[in-house]
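Down below are the structures I want you to see.
One chain, chain A, appears in both complexes that follow, with chain B as partner in the first and chain C in the second.
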Partner chain A sequence: MHALIIDDSRTMRSILKRIVHELGFETTEAANGQEALDVLEAGLQADLCLIDWNMPLMDGYTFVTRVRADQRWRNLTLMMVTTESEHSQIVRALAAGAHEYVIKPFTAEAIVEKLELLGLHAKEVPA
Partner chain B sequence: MITVDQPAVQDVYSVVEEVWNTFLGDGVPILPGARDLPDDAWYSAITVTGEWEALILIAMPLALAGRITTTMLGLPEDDECSTEDLTDALGELVNIVGGNIKSLMPGPSTLSLPLVAQGAVTTTSDLVEVCEVGVVWHDEPVLITISVPKLAGGAS
Partner chain C sequence: MISETNFGYVADLLRRETAMLCERGKEYLVEARLLPLARQAGDPDVDRYVDRLRTDGRERARAVDALTINETSWFRDLAPYQAFTDNVLPQLLSSRAHTRHLDIWSAACSSGQEAYSIAMLLDEALPAGWTARIHATDVSPSMLERVRTGRYSQVEMNRGMPATRLVKYFQRVGSEWEIVPSLRSMVTVAPLNLAAPFPPMPTFDVVLLRNVLIYFDQTTKRDILARVSRTISPDGFLFLGSTETTLDLDDAWVRETTGPAGRVVVHRPRAGMAAATRPAGAASSAGIASPTTASTANQLPTTLRTGA
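Showing the complex of A and B:
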């Protein structure tokens, strides 16, 4: 399985990469929504996108709407991973087509739990 | 009607404690306590605009900023991190702390992208500091301050 990690912070990409690597995912990184779209357009076969909300050039919400508007990526699972914790923002993201929503700060277990709910869990996280 | 326009110190402390324990948890607890920062401290800032408006600042000495950066990036403790890494890690830290503080306040409001710099930060004269939380981690000080526009803070 392959995860596309979309966050303008290299630090956050690194944290998420460590977590999903432990679960057996290969990863590709993108620093904003536009870069992520470019990677998908170039043919990356991703199963999962982990998406920050606030990013320069293209934010996570716009990325979700763009992906959901394109049938080529209808099987792609979209998970927001963001500090945006207002109820209205969560509702907006889910209505736009995000499957799950994780609020920072998160534990590795929280990510695993969400991936299990989405049927994307490959391996157990070491204690 | 009571208008709440500043978070409680204890709530801010709880946010900081949760962020530290989740992303920086190495068995060393953060402790409450205010100490002076060195002149070359690093500052990370984020602004909130909308229903609640504020400037949230986190300041800490360089050594601690380096420790936080290597921890968040999963690098060996004695690795020297680049200024770029440090800027990125401190920016993400204030983004997470700021986002969680924002969630305590009336919304909707929006977070800016973070700004990170070394050296004392002077806020504009139309802001007033309404909350200050000092903590100590690895025997080094961290100072979190929240400033709001004077009218919202009720100050003259």
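Showing the complex of A and C:
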């Protein structure tokens, strides 16, 4: 299983990387939506994207709409991980095609439980 | 770190008030839970605060409250909830077609995630014309108040709440999320100490007693299970935590595997040993509920704690 971590904060990418590594995921990092699209276009076979909302060049919402519009990535699971916490923003992200939504700050357990909800864990998650 | 003597005092206090075990090795937990209270009380450390507990009954109640709070998440462990929706509920919809009502007990509800998770599943799965009442009980008054309020922090909402249900069942209120009134009205809140005799309650179709027996000794576990068996319908379902069992504790139960890949164990009253055989006089006090008496649990004594 491979996770593409998309966030303009290196610290946040590092935190998320550590969490999903412990679940058995391999990871690739991107600092914004455009960089992430480029990586996918280059052929990265990702199973999961963890996506920040506010990033330079291309934000997470636009990234989600672009990915959902392309059949090549129809099996890619998209989870927003963002400080955007308004009810309307979550509705908007889900309507655009995001599968799950985590609001910062979060705990490692929150990410694990969300991935379990999505049926995505590379190895058995401890109860 | 808390002194051995003071840890012993706190462990005895907890056992006396709630029958919960607080064994050696949990010193860090006691320290973490009591330190904020010590600071609020103006004490420099937990040891000084425990000295205060020996003479201050009001502060003792606060301490017990803080020590009995457990972290929880929405749809915790997932599989039992899938079993509830896919296996248990269809059976109940068939067997309760004459009353079209379900009574469910979340028996150590903590801050209410279990009770409201079940309420969401029922809201999505109950056919039109059916009603359900979820009775949420806990020993902690502060937890019960949280369930009543139905408000959760952002960090709590991240714990297992699917985004689709977050937007469907919650409204943003300041920095918190509040459960919608239609769901909150399905949940009745009342104080209950599992280790003490139960007050009159409805007969339950489903009892959720998950991840709580682990805190009690064997004798108390047996006692709790025996009393639960008298509150549950003869064809009802008892859910325990994934590491808990009735095995070697109470032979009034039959274990059935169900849910995804048969990973979930539900406990059913053994024929002729549960509610049907409750002691004379208990049947009426059990107050077998119709939908209109669903608020019975509200009439419970304000507290069942002793000595607090």
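Everything that follows uses one rule, which is that the second predicted complex is superposed on the first by the 122 of 127 C-alpha atoms of A that agree within 3 Å, B and C clash if a C-alpha of one lies under 4 Å from a C-alpha of the other, contacts with A are read in each partner's own complex, and residues count from 1 in each chain.
Here is the rule we go by: contacts are C-beta pairs under 8 Å (C-beta built on N, C-alpha and C of every residue); 3 or more make two chains touch, one makes a residue touch a chain.
Bear in mind the structure is a predicted one, so any value in this text is a computation, not a measurement.
By the touch criterion stated above, A:V91 is placed in contact with chain C alone, chain B being left untouched. In the superposed model, A:P105 lies in contact with both chain B and chain C.
In the superposition on chain A, A:R10 makes contact with chain B only, not with chain C. Residue contacts after overlaying the shared chain place A:E113 against chain C, while chain B stays out of touching range. In the three-chain superposition model, chain A touches both chain B and chain C at residues 85-86, 105-107. By the touch criterion stated above, chain A contacts chain C in their complex at residues 85-87, 90-91, 93-94, 98-103, 105-107, 109-110, 113-114, 116-117, 127. On the chain B side of its complex with chain A, the touching residues are 18-19, 22-23, 69, 72-74, 85, 88-89, 91-92, 95-96, 98-100, 102-103, 107-109, 111, 113.
Interface residues of chain A facing chain B in the complex, by the touch rule stated above, are 8-12, 14-15, 18, 54, 56, 82-86, 88-89, 104-107. Of all the residues in chain C, the ones that touch chain A in their complex are 73, 75, 77-78, 154-155, 157-160, 162-164, 166-167, 170-172, 242-243.
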